[in-house]
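Each of the next two complexes has subunit A plus one more chain, namely subunit B in the first and subunit C in the second.
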Partner chain A sequence: MAGLATGAAALAAPRVLAQAPPHVAVVGGGFAGASAARALKRQGADIRVTLVEPKARYTACPFSNAVLAGLRDLDAQYFGYDGMKRDGIDVVAASATAIDAEARRLRLDDGSGLAFDRLILAPGIDLMLDAIPGYGASGAEVMPHAWQAGEQTALLRRQLEAMDDGGLVVIAAPANPFRCPPGPYERASLVAHYLKAHKPRSKLLILDAKDSFSKQRLFEEAWEQLYPGLIEWVSLSFGGRVTEVDAATKTLTTEFGSHQAAVANVIPPQRAGAIAAAAGVADRTGWCPIDSVTFESRLRPGIHVIGDAAIAGAMPKSAFSANAQAKACAAAVATLLAGGQPAAPKLINTCYSLAAPDYGISIAGVYEPREGLLAEVAGAGGVSPLDASADVRASEAAYAEAWFDTITGEVFG
Partner chain B sequence: MTRALINAPKTARRGEIVEIRAMLAHPMETGFRTGTMGKAIPRDIINRFVCTWNGEEIFSADLFPAIAANPYLAFTAVATESGTIAFAWTGDDGETRTAETEITVT
Partner chain C sequence: MATTRHRRLMRGGLALLAALWAASPHAAQRAPLPAPAGATACSGCHAPAGNGPVPGLAGRPAAEIADAMAAFRNGERPATVMDRIAKGFSDEEARAIAEWIAAGP
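And now, the complex of A and B:
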């Protein structure tokens, strides 16, 4: 073989290169990355796909608020990568530590390298633990953020269980943009559900760095109906922004006062996962500007960014958005690799939230590229009606669960 | 009752620079907007803010329609003596809302 190859090399090499299937590396095995890897494999063209993800299993954030409220087992949030492997995706259990966009090469923490033709980066979020004075990594052990599901979720659950009746639970919510815009308010609702049943003299205070939030009127209506007097929301204008915390005493200081909590859930500001900055695809905001048709980075050609890390215009940072972006990006990448011109996608997002186990509300939107950004299509989408019957709320709660089973089945099943 | 939020340290050393914060819940209606049937919504803003320390003015501001709702002012002062820090907001309606806090200077 060796002798033959030597003689034929000059002529054969270009043809062999042309025939080798293109290689797409996907970094990050969350909803965005796993969806993209699968979509690439399933779209038909002959593409080699490698998924780079250090963790053996993924812990899903959607429905993790139900875990906090004791309505769901944390085990129900875990998803593995066997389905990907069955699809023929190469799953590499390592972390990407550096990306050379020009050389089209990834460096992994096991010392090896990985060459790619195109890279899809789905690094999710990094929590800026040091952005709140007094918090930091050690503060998160006492006042959990539980904003990346897993041990933090279990810790916050244990704290809620251990709390005495009559305790004050404080949730500190960050300014926009952040992962899962309705998340802090769903969390407040489901924690209130737990408190009402088990610790009815307790109170829940939301200290918010914003003056308004997702599905606000629906949440406020639900709180009034389900948990009257239990939840208090303090907006930015009324001194809601947490400026400092003291982990030793679980004290949260705002611009106009301080609150001592029995259980404190501090959700810090966020930015794109660290590898985005290392790869040079994150801008000064900490997030990644992208082309709204192909999701290719505006800063580094050949690298596409999807999911929470991307600046996706009007699209919220949700699992549904990540999945929709992944499919659009996979289609664009396949087209680009074949030398074609990707078509403008239409993207859909729906966010369900539970105000109680049998009380669901939702917001849906349709998005398309407009003037370089993903903009909402006027008249499409909408939110759940106010003043709806219990049947409507119960149906939406069931839809929420069905959505979770469907998306996790599609992505990880 | 309009809500005012104020914040100043309870204690300070003489000569220390302290930060004082004041927020008044107010719509700050500019007078430039039109409501139903194209009718102009009359201007209604807080136009004057004064902060005094034991009666002596240490900070004041004239506010205009471009200032956002719930005006929030933060400023610094040199702590000179114990006493009362008082805040007064005057609106287009001629009414003045007040708030005060005590500070001990050592």
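And now, the complex of A and C:
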């Protein structure tokens, strides 16, 4: 019996025996979090996965600029979590309110707790509504940001529809870094597309807190071709930074003067979603420093941060990046849980923007860890060519639509 | 009592054997291969069976995918984004990705 007991102890020692499968909690059900939960469940190893997301459905930001322009229904932006549940992912409809990295436990707003072996945090962004004096939560009801898709998108659309012909639309764009770097300029393009067709005497002014922007020459080429005289871009150096707003009169003040808008879209500065700071994984910049191989927080071991909230070096804050990071992170987490050493990943980003419904442009990049950061692979990536034919632009618009359909199918379908 | 315990140990022993077998290189050939660097990003655009103008990759032989990557990289095959993406991968990396995709479901 004694011999048998010793044998039993020896047999019980390896972690693979008798214990429940490891548990990974994923916080946040956007492109990053939902992709990670699904990738973990599908990569083969026996891992229990819980997705913590308070909303019953996700509203996708990519293509929400087309909703603003009346080219697409907001309903086409909604995605649910039934596919996750079918995959065997436990979907918990609650918000994480606190994360104890050392105890490997998170607290939910319904009062319950959740233990985890590793946590993947994908909180997206928080909009710093109070960073612009005069704005705030009440200002956003009058001068919508529409930078988290949903009701804000619908509100901005209604305002554009209600505006008289000849009105001034102002888009205030933030400094880097922020979610979707080409987004404000795609938005300007598609709003201009709507104005040109329905309110041709109107103007669109972009007040920018920076001196250059993503795909700039491509956008400027498109604006000249498609909307001559309609869009004016004011850079930081020329007084583009909005220092104050007055919601009652829809007035935007810059260092050089003020502009009264008929419709104002104020996109405020951003930081990682609030739970990141609560968990101690955000640094003084408001974003989350990570290991470039495993996406594990540099501040709190056991917590991995992916998507817009992460400081991902040269990778932009995009849905494509979030999805690619999620899959690489899921593989690294599975390897770590099995006691292995994750290999260096290679990541891809491809971002399409529409300058018009049949006019697409893109930026692509390939990334790998270098000196602790995700750096661009030299010689790869870049933007669509200037002076391309209408056929090329039309095909990129078609690729954009196919991309959205494919990625939302992979993540939520 | 002793018999029950013995059975439990037997089950434990069998589970251990199963775990060791699953971890052996022999079994790994049938398990999903670990994805080589970059491979999982492809499905961001390429649905298994394709989607509209974007071709699917499922069921394609590894050589076809690797050759396409090489042709995109050296400009022989016209493209909108694949030329820019292929330049980020060596022949060896592209081949590993192609083999992983070809071995997939």
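In the analysis below, the second predicted complex is superposed on the first by the 395 of 413 C-alpha atoms of A that agree within 3 Å, B and C clash if a C-alpha of one lies under 4 Å from a C-alpha of the other, contacts with A are read in each partner's own complex, and residues count from 1 in each chain.
Throughout what follows, contacts are C-beta pairs under 8 Å (C-beta built on N, C-alpha and C of every residue); 3 or more make two chains touch, one makes a residue touch a chain.
Bear in mind that the values here come from a model prediction, so they are computed numbers and not experimental data.
Undergrad: Under the stated touch criterion, name the partner, subunit B or subunit C, that contacts more residues in subunit A.
TA: C
Undergrad: For A:V366, using the defined touch cut-off, is the partner it touches subunit B, subunit C, both, or neither? Pick first, second, both or neither.
TA: In the superposed model, A:V366 contacts subunit C only, not subunit B.
Undergrad: Considering only the touch criterion stated at the top, classify A:Y399 as touching first (subunit B), second (subunit C), both, or neither.
TA: second
Undergrad: Just checking: does A:E255 make contact with subunit B only, subunit C only, both, or neither of them? Give me first, second, both or neither.
TA: So A:E255 only meets subunit B here.
Undergrad: Quick check on the superposed pair: does A:N323 touch subunit B, subunit C, both, or neither? Answer first, second, both or neither.
TA: Once the two structures are laid over each other on A, A:N323 reaches subunit C alone.
Undergrad: Figure out whether A:A115 sits in contact with subunit B (first) or subunit C (second), or with both, or with neither.
TA: It touches nothing on subunit B or subunit C.
Undergrad: Just to be sure I read the superposition right, which of the two partners does A:A20 touch: subunit B = first, subunit C = second, or both, or neither?
TA: Neither partner.
Undergrad: Mind sorting out which residues of subunit A both subunit B and subunit C touch, each in its own complex?
TA: Subunit A residues touching both partners: none found.
Undergrad: For a test of understanding, state which residues of subunit A touch subunit B in their complex under the given definition.
TA: Those in contact with subunit B are residues 237-239, 255-257.
Undergrad: Which residues, counting only subunit B, touch subunit A once they are in their complex?
TA: My answer: residues 3, 5-7, 21, 23, 25, 69-70, 72, 74.
Undergrad: Okay, in this complex, where on subunit C does subunit A touch?
TA: It comes out as residues 2, 5-6, 9, 12-13, 15-16, 19, 31-32, 34-35, 37-38, 40-47, 51-54, 80-81, 84-89, 93.
Undergrad: Please give the residue numbers of subunit A that touch subunit C in the complex, ascending.
TA: Contact set of subunit A toward subunit C: 1, 4, 7-8, 11-12, 14, 16-18, 39, 43-44, 320, 323-324, 327-328, 331, 335, 343-348, 350, 362, 364-366, 368, 377, 379-382, 384, 392, 395-396, 398-399, 401-403, 405-407, 409-410.
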